[in-house]
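Written below as structure tokens is the structure these notes are about.
A, B, C and D label the chains in the order they appear, each numbered from 1.
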Amino acid sequence: MTIDLEALYIDLHQHPELSFQEHRTAAIAAGHLRDLGLEVEEGVGGTGVVALLSNPSTDSGTEGPVVWLRADMDGLPVEEATGLPYASTARGVDPAGHDVPVMHACGHDMHVTAMIGAVERLLATRDEWSGTVVVLIQPAEEFGAGARAMLDAGILDRYPRPDIVLGQHVTPFPAGIIGVRSGTQMSASDGLTVTMHGRGGHGSRPHTTIDPVVMAAATVMRLQTITSREIDPKDVAVVTVGSIHAGLKNNIIPTEATLELSLRYPTDTMRDKVLASVERIVKAEALASGAEREPDIETLHTLPATINDEEATTRVAAALRAKLGDEAVIDPGLFTGSEDVSWFARDAGAPLVFWFWGGFDPAVFAEAVAKGRVESDIPTNHSPYFAPEIHPTIEVGVTAMETAAREFLA
Amino acid sequence: MTIDLEALYIDLHQHPELSFQEHRTAAIAAGHLRDLGLEVEEGVGGTGVVALLSNPSTDSGTEGPVVWLRADMDGLPVEEATGLPYASTARGVDPAGHDVPVMHACGHDMHVTAMIGAVERLLATRDEWSGTVVVLIQPAEEFGAGARAMLDAGILDRYPRPDIVLGQHVTPFPAGIIGVRSGTQMSASDGLTVTMHGRGGHGSRPHTTIDPVVMAAATVMRLQTITSREIDPKDVAVVTVGSIHAGLKNNIIPTEATLELSLRYPTDTMRDKVLASVERIVKAEALASGAEREPDIETLHTLPATINDEEATTRVAAALRAKLGDEAVIDPGLFTGSEDVSWFARDAGAPLVFWFWGGFDPAVFAEAVAKGRVESDIPTNHSPYFAPEIHPTIEVGVTAMETAAREFLA
Amino acid sequence: MTIDLEALYIDLHQHPELSFQEHRTAAIAAGHLRDLGLEVEEGVGGTGVVALLSNPSTDSGTEGPVVWLRADMDGLPVEEATGLPYASTARGVDPAGHDVPVMHACGHDMHVTAMIGAVERLLATRDEWSGTVVVLIQPAEEFGAGARAMLDAGILDRYPRPDIVLGQHVTPFPAGIIGVRSGTQMSASDGLTVTMHGRGGHGSRPHTTIDPVVMAAATVMRLQTITSREIDPKDVAVVTVGSIHAGLKNNIIPTEATLELSLRYPTDTMRDKVLASVERIVKAEALASGAEREPDIETLHTLPATINDEEATTRVAAALRAKLGDEAVIDPGLFTGSEDVSWFARDAGAPLVFWFWGGFDPAVFAEAVAKGRVESDIPTNHSPYFAPEIHPTIEVGVTAMETAAREFLA
Amino acid sequence: MTIDLEALYIDLHQHPELSFQEHRTAAIAAGHLRDLGLEVEEGVGGTGVVALLSNPSTDSGTEGPVVWLRADMDGLPVEEATGLPYASTARGVDPAGHDVPVMHACGHDMHVTAMIGAVERLLATRDEWSGTVVVLIQPAEEFGAGARAMLDAGILDRYPRPDIVLGQHVTPFPAGIIGVRSGTQMSASDGLTVTMHGRGGHGSRPHTTIDPVVMAAATVMRLQTITSREIDPKDVAVVTVGSIHAGLKNNIIPTEATLELSLRYPTDTMRDKVLASVERIVKAEALASGAEREPDIETLHTLPATINDEEATTRVAAALRAKLGDEAVIDPGLFTGSEDVSWFARDAGAPLVFWFWGGFDPAVFAEAVAKGRVESDIPTNHSPYFAPEIHPTIEVGVTAMETAAREFLA
């Protein structure tokens, strides 16, 4: 009667869905949660799922503490290259209307699987604790938009407000390792779309045009200097141009070029500085090309820093150490990645604890460390080679989520 | 009973079709040619049309001279911005499967229209001449592939071989002006697709990746130095990166970037030099990025120089001067644009005459010249603003083609 | 009979000398040390000065602990722009034979002044302590070469070997503040000279040349990507091109270009990575230009990380707190700057403590902090505006050096 | 009693002098001209020499036609690498005060030698012609300033005004070949100095600076796009950055960078366009860096196009063909190099004929042509390998100048 978590994981992995299109994934998760006896709402903020597990204290008769557990479920437009027997061959249509490959390259399939497993365990031990668990299966984390959408759908009004928000992310640590720290755990981030305007024309007559390809290329090169020259080498900032698109044909000089930027920084001060530098460079490079129109800079998403509450994090870390052993819990340092999980805690005014759990073969990891090749040999999240080991990753994820939740349930 | 050429032009303009997809256009052209009484073959080399007008000498009983008249008919993936009442709103699917706007931004609609008009006139005057006219309505000039496809379909074996090949192109000259020169009229050209291989990963962790966006941007900047530093300033060469594409999302560093290049040069020596420089730079920039795999460089098309036969060109120019006035025929100099029309002449071993005819309001032109703003104010071929005046452009195109043909028909 | 330290400082400030040319400075320092009664050796490793202050314990009759105190004394090729009444107008001849301005833009004049003051104080209190003080006035810290030169001159054989090596550096902190930390205090550093070989020729005929100016410019742009793309954003590394030189005349394309690089990193692993990246990029950019000869990469200097001994640093920090107040001593974090002071400790196998002391008006500092303009408003070392406040900077420097030395003298 | 022209050439070649410093060269030339019996003035416009050879017609008693013959005499800051036994090892001090190597890398030593030889011949044949010859030995052609200086010294007022101005330049053609054309023979040119302002600081703290090295490098890369993208590929324009200088030391980020540009174009329209593009790019790149001050753009020199008078050129070409054979005189096309010789003709309102004569071994040349390696194997003017064959270059230069002069002398 137990859910086959391995089968669930493989199924989700083979059927990744792009952000806000997670219909199948949401239905499967909702189905399991409903089967487990939870009260389930679907279609929250698009494709989000909320499930309520109420376990009031028989002694006091009170509701007890309210714990929000969050998992995200969207895949990415990446073509899987892991060579696994259960590798994804899925396709999807991205917001620009392009047919693209889809892959669970960030491990959200593992997040959903571990959440289902953790809920099952909490149910199995429900007489050991009391309180209220709200399970959130969130869409579109990769757009930095899904948490916002669920909150905008009014969940704070319809569900018990949290005393604590908990979330976790699978990551390229050795399986068995949990990384968590107080304070800033993940960077703030902005996603920008920059459209640079040239003047199109025939590829053989560049002098009649303002070439947006050259304009964009010069801009990309110049944007590198923000981190190389403008940010204190001791500070952490990232300026990535994740996509560049211009032109449909080799012999037509197009009219515009589009860059998509991903920016990362741990503080608001640095955010202001980096955004100002990006704007300055983009505008100046358009001027250098003689552009007749200023570039457009549009914000795709703004993610706040993921800041773990000090007291709650100390409790979670201690509980995990007690469960998994002292060596199993490390301070992973600041991550340059970003998350939208903290919107739940921020909007609710509740503390947040968000941690990472390792999913990779410790032997492979040890070898990479020995060779000084961790960065090149261990596929990172979003890589087409990203592939957590199924076991014990599922089990550790289930245990971590259950243990952390229990820490706050009476 | 005369064909309404203005209506034909507007209809074609409103329904542009991408290369090798010119089904509607070909059917319309074939219909008119058949209605005029010619023997018509469709589907030649994809969507090409060949029509035969046999007008043997009643005196000698011989076939007489064979004249091949060629027009091309494909549109381009450009979004029309002319604001004309008959502007195109058409869409198409390009070879990469993208849904794209389509426009007759190179005036091939005018070429087909003028060809139909010229054939009608030749028929009307058929007792003034004798010989054989082979009309070629060619697909996919913009791919540099349509002429090749028609030849590979065996037309040299099935139709009388030409004594002369004639073609024309509408261009941003004042209406009424014909430009033609002996020798090299248009440049040779290669279209290349360059794929640069990086290593993908999360946008917040650039150090685990080899960023193909930066690799491609550096390559674009370096490619500029071929013409700025390596080619004799007195020579003519063009290195255009007409498209650049990498990445699907701001926070994923992609695995590869694709550049499409259009190269132009009047001679084989320079072709060798430019191709070698492109290859050297592309490979070196991949090395500079630490790429783990060499870039792929694929040739999309190779177009020879369009070289007008000296004697035949002298005859055509004289005939046009006699018809249109001395001032109407100019030497336009070498064009950096390229054409695949010369494959017909090269394969047949026949002389070629290919000329340009102006399609723009002489008053607007004169004003642009006076202001020294021809390059910026007069939209060039492939511009989203390219829009020949309907009249007298059609009439001059008809007259020019008829006159040139008659020069070689007994 | 006390030395006028303000006058000494102003005199040194007005007469800065370039590395290994500190004849006047060395003579003045040696004069004072000799006047104070120390045994002085000059010309050590070029222009270095060593002075011995022996104060054996009268009780035990032993030599007591041996403390090496080090100051550096060279100026920099910077044109002073402070506008101070005592600003330098000095000139010097650099190793390339160029006549250049010279300035104490790194505060070494303050180091020498504070050292003389500290020795004077140690003498005044000599019955309160016993032991041996070796004073090192070092040349050419800015070349990363002076410490090495003094060691190569055999001072470890001729002088009592140290139990501890102490040094200090004036820095843009508020006056009164001392910054010191255990472990890595300053980065390792390499100075490289890169010579890129082109082919010269006439400025109007670039195609007959291989332009080293373009080659060097492309290389500078590409070198930015080491820190922006290849180094973990959470790590600290700096790749600075401090000088670029090519060409003598606008209309001659030169045969070569020279770049001087300053590289910084806290660890050997990162050093290997950055050096490999620099070499890869420099070579690839030469290939991209079609260079006929590989670039030459020469190491100007290699500086190890400045690593403070944990136990000794704890003692120094405690002594300074006791003397100056708890708030006066901070952990300044890792500096990306580098020093050659650690060669003395490394060669001797002795612990090192090296600290920073502030020299800038606290009010100005507080205003800059309030405005978030510390980086732009407070001139950093090597800036033409670098100008420590004379008081209390001298006094704090004297006290800090005396206090730290006394901590180790019995 | 004949002058040993080979010895003269070798002597001049071994003692090149920088622009406006040609004291020895001028004295030698003046000495020979005086020995030949001409009336000589020295120190004209700095180091210029003017010599008058008056040979009035005995028949008519009139002065006869006035012919100005011009040669230039300055060397260049290039280190000779020819390996010739008479190679220069000279040094000089350039305007910036730098000690630099000096070489006759542009062949002006040959110009002076041929001029002395031609005057000697004209004297030897003085009863075959009548008229007035004014010999101009000009300084500082390489600064584009010597002709201007001589004119500003009033030579038009003190000497008979010319009916024709003649000049010649040795060039990498096969010896025996003369190249001359009517109309624009050499391009107009501007020399610019661009100073870009950053903010200096310590090499380890780039974020406190505005790095002018990166600013200048980005500018150099962007300047390439003027010719690659903004100028009609069929037009001739050159944008060369002949020198780049910034910084004195690897670990100091300097406050400014200096670029020296050489620009070439055949027409004023293109001059305006290129100058505007340079200014636009330089300013925009400063903005992209966040520079606090606009760059300074200073004009070093402005040279007009060298335009040969049509009628006079036809006469000279015919005379040279008659003397040297038809094949010896070619149309060399437009040169992208520039000259200040035309100031003499422009100020005097007289026609100009300026031609090139070859100085290189025809066999070597033929081999380079056969291998398609002329550009790389034949050293161009300003190359450190530039080395005309002594014979017959001197003889052809003498004959050409004498023949052209005689064409205009009665």
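Note that in this section contacts are C-beta pairs under 8 Å (C-beta built on N, C-alpha and C of every residue); 3 or more make two chains touch, one makes a residue touch a chain.
In this text the structure is predicted, and so the values were computed from the model without any measurement.
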| item | value |
| --- | --- |
| Neighbouring chains common to chain A and chain C, by label | B, D |
| Pair joined by more contacting C-beta pairs (C-D or B-D) | C-D |
| From chain A, the most remote chain by mean C-alpha position | D |
| Distance between the centres, which are taken as Cα means, of chain D and chain C, whole angstrom | 48 |
| Whole-Å gap between the CA centroids of chain A and chain D | 65 |
| Chain B-chain D separation of Cα centroids, rounded to whole Å | 44 |
| Per-residue multi-chain contacts in chain A, two or more chains | 204-207, 209, 211, 214, 218, 221, 224-225, 228-229, 232-233, 238, 264, 336, 375 |
| Chain B residues touching chain D - in the complex, by the definition given at the top | 221, 224-229, 232-234, 236-239, 264, 269, 333-334, 336, 372, 375 |
| Chain A partner contacts - residues on chain D that touch it in the complex | 204-207, 209, 211, 214, 218, 221-222, 225, 228-233, 277, 280-281, 283-285, 287-290 |
| Chain A residues touching chain B - in the complex, by the definition given at the top | 76-78, 94, 97-100, 105-106, 142, 187, 189, 191-193, 199-209, 211, 213-214, 216-221, 224, 238, 240-255, 257, 260-262, 264, 300, 335-338, 375-376, 379-384 |
